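Sharing a structure with you now.
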């Protein structure tokens, strides 16, 4: 057991961080909002190996594990890198061109409600308003659909039928409101769908952890320089205790998220589904609460568009609605308590 | 509308407070623990009119309302006055001798679980360990049992069959573990049972409010005199913000509790069952959180037997398990949202 | 203790309700958010209708065009206003809720006669010039200077969070008139006409992408001395009087609105997840707290009636309400699931644009004294706990 | 990153597990809570059995009777210990978790040889003399004086929270040896035999009604100078070294135990309210946080392995664990309903005496640095935020 980043993982993290700082430092964000998904840097990301990390070397991949993917995704989360990141990674082995970033793959999760799971497969059509919103739906080449009974591939080619949402919650995550999905082809079974959901949830946790880290850093830095009542607000106990709680949430989220990733790579060390669900619960809480507190600590500035905090809260809300909300993951953890794996 | 205590109510409050300060000031508590229920002061309480407050004057009562009862009960809660207070008041019109304090009436709530409510009345026997614990079970003359189908009276005469709990949670609330209840007589119908539950819940909220008030006072007084790091701990922002939140909870609990009592007296001003349930939810939270924070603010001293805070937390736990826990009252409020009264 | 409205209150309720039932739909839909002229016309037009019907300035004196209502009529007014989903006070916010009440309490007769009727008729829009970049929570640290020069003050400084500055006709402006006095004792309260030379305004986008806020720069603006409200250097006391009113009954309407929202969420839950006990439990918890807040409004109103002045408890109401509102709308947004990832009205079946409204509530715990400031006030002024060492 | 235990670890696990399976039941039930002699015999008897089997002092050096285990073996040890519900360290607490580790880090060779093996064999019970009535969170304000007098210190002062003072053989005592130095620089760390003249002890009842705590009064107690640990006036540094260990891996066992409790609660929920989604949701939330804490233990252990010293993150672990534990046992007590109103074992079907244990957890956020102190430490030492003005 050695639960710390090894040298290669440190190097990977540093590489992704440098690229993110160069491409996505906050000062450039206004530009990115104009075009949140550009093929140019999508290919750069692929060149960094981000999408191909887990694909076997025989398939042109890097042959690493979920641990490395998580390390990279934390960095992407920290800098709010937009795009259907996790779908492109999940598709690396399934859809030619995804690993190299030439094909941009979006995704849609279509779980059947518990009471409709027994009757045979329902049509792959959006059932309510929320389910019909597809991230970057106007810019993706292929749409991957996860259903309880399998995985579908739908050709999108930037031409899915629908209307763009006028005011997406996250300015960096445009949404296409799709009324009817085109026919697709089945490319995987129920087991694959379940595996992709687990892996996607682990990557979501990593992105959320990045948000928790970044908002803590921003909040502390701001509090140290902002003065009120003749002293830095970082010297007020209320602010210090907010920050301390943010730190605790970040530490818990990091440990749980990396543990989940390691468990996916080596299922002998624990129950994969419990580890992933637990990580998602604490990473979600860390991102959400840290982003909220970051806004509060920024005060009036936190309520402005030109400061970073709101971008993080909005992205957090997108991720917290990706592959299930926190309460559903809590239920998963509780189910494992009732029937421990052994 | 004039939602403030009137002069008579202020006078009632002052009277009960003086009696409580005399009989139950904290320094005397060690003595009270030896015998938590004494006929002597039970009669004094009755002489103050506490049990007879609501009974009509024709029946030897005071002919006042639930508002006055709540005002009195807040004071009893503040000073941790023990005994089956609310049952004796509820019984004032049902059981001769209750209003005058000559007969001590205890109580037991026996709601049927939702899934067992349809089949005909279940036997009035305890169904699990918790349901079999009767407060002051060794000292009461009569036991009132609230069932969904009616109200039962069981003669106890201090001789209910059972064993005393060796370590009751609240040292001021001895518990009798009853294995089998004697036969009783039915003295009221389902509607009466429902009404008594509502009124008992309102009185429980008043007692909880008393706890919220008292623990705030103790905490603030202690924080002002306790010095650490060369200053009163009341000057630390963490402590001040704890206290401010305690104050907010107390204010909400007071407004809601008195509003519920007034609504019982004058149902035209709102929905009684919603008002009572809402009050119970916020009063429970106020008592629980304030007692917890009081212990935390007292620090090591808060963990000792000789200081007041633990008595309040323990009594709070007794009251929070009287006539339903908070979550069940939340569900009641939610049901009213779905089907508003008007 | 008595919670029953009088017959007169109920009479007023039914009249006002009947009027709203016709007037609200007739006023139509609000203009687009960036149509500033349209928004001013819509907001002030509605204010004019209220005035013409006798419903403007519900608690303002009759002599200046108000209704002079009792405290309980005021409560009825807020209940019915929220129930009817009548237009938000919008651009009239500062004048109606803040500037006007300050003039009523502290203005000269001339100032009252000049401004109060015009505010009520929707003819004057006001903005607020209190905060500065370095004086936020520490408002008394403000440094905008006003130097007396004959019958004028010459004002220079930099204000921030000046909502609707571009549309406003007047600004309630806090300035430093005595730089040598202790910081709370050298402040004055001015009525500044917004058409004077030397004023420039830069919009600030909020996190909702709206530019309701602005920065305001004053360079040697000449404000007539007759526009001073109250005595020179007494502005801090005046500000606190007004803030105390702002923190009191002004929330009644919002609390009632919150209760309405909870009813609509409940319908959504019933439709989407009727079996989920955990959602019922959360809904009930939130509604119980909202009920308690509503009861607290009435309790504090009783206190005000007794003493004539709103008590310090307004801080408790503000703190509890703003924190609860965030939790309620966050819950609402969560309930929508992925639909909350759009702020378009069409994607929220509750009809409340929940996720966008949630974003808006984030300012509630910051503006008008942050939650931390309120906690300090409660601890120090109500509970008598000592100030921190400086 | 690697979470797999080595074959040697797993080998150790199965040996230890097998031993516990026989030894724990054989040790029988604990004596009554007020049977102090019985409790000492029971606690130290178990310690002796651990020692004889080679399982005492899992991370202590072999030369003093410890097992000298690796960090991961230590983790395995805590897991198995909690899984087997083996006896709580009880009266050996201070010696095993605190005094012993301090001697290992800072004691003289003679001190180590005298005390460490005896602590491990259950022959020495220690108590802690740190806090004083006026020096609680502000530990460094302690005023118990030790004045050098030839080859002895003469000690006078008043200590509080001295657990098991009446049963202890030795006390780890913080004293002020230089009253003129700044408060952190005049403190020394002494080993005080409890049988010296001048020591008197008054029990303090806890809110559970136990008298595990005591006050200790020292009047001119003569402690030999050779009992000084580390240099004179260097006691504050030594204390911090030890506190840092105390805040680290010591929690591992408790976290694992918490997870076991959650499993038992889950069974109770399944039996009583299998349909209540809100209980499942709360259980899952609590368990997720416990899982994360367990992962954090491993992460911090990795850090320690890298650097050789436990990091400052122990404060985060302590804060998160103690707050979570309170929530978990509060939930457990709530689940029991009215059964929680008895602390008798017979009334709690979970087998954990939930409401009594909940009461006990209330001390966790106070002792060994309150939650407020931990938050200050994290903010100042880890996040580099400035101290408050004094």
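Per-chain residue numbering starts at 1, and chain names A, B, C and D are given in the order in which the chains are listed.
The rule is short, and it goes like this: contacts are C-beta pairs under 8 Å (C-beta built on N, C-alpha and C of every residue); 3 or more make two chains touch, one makes a residue touch a chain.
Quick caveat, the model's predicted, so the values are computed rather than measured.
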Pair exhibiting more inter-chain C-beta contacts, A-D or B-D: A-D
Chain located farthest away, centre of chain C as origin (C-alpha): D
Mean-CA-position distance for chain D and chain A (Å): 39
Chain C-chain D separation of Cα centroids, rounded to whole Å: 53
Chain A and chain C, separation of their C-alpha mean positions in angstrom: 38
Multi-partner residues of chain C (at least 2 other chains): 277-278, 280-281, 372, 375, 388-390
Two or more partner chains touched - positions in chain A: 231, 236-239, 241, 327
Residue ranges of chain A touching chain C (in the complex, touch as defined): 128-131, 133, 135, 165-171, 173, 175, 177, 227-231, 236, 238-239, 292, 295-296, 299-300, 302-306, 310, 313, 317-318, 320-321, 325, 327
Chain D partner contacts - residues on chain C that touch it in the complex: 275-278, 280-281, 388-390
Of chain C, residues touching chain B in the complex: 1-6, 9, 72, 75, 262-263, 265-267, 269-270, 277, 280-285, 287-289, 291-293, 295-296, 298-299, 301-303, 305-306, 313, 316, 319-320, 372, 374-376, 378-380, 382-389
Residues of chain D that touch chain B when the two form their complex: 131, 134, 136-138, 141, 160-161, 204-207, 209, 213, 272, 278, 333-334, 336-344, 346-349, 355-356, 359, 362-363, 365-367, 370-372, 375, 390
Of chain A, residues touching chain D in the complex: 1-6, 9, 67, 216, 220, 223-224, 231-232, 234-237, 239-241, 243-245, 247-248, 251-256, 258-259, 261-263, 266, 268-270, 274-275, 277-279, 281-282, 327, 329-338, 340
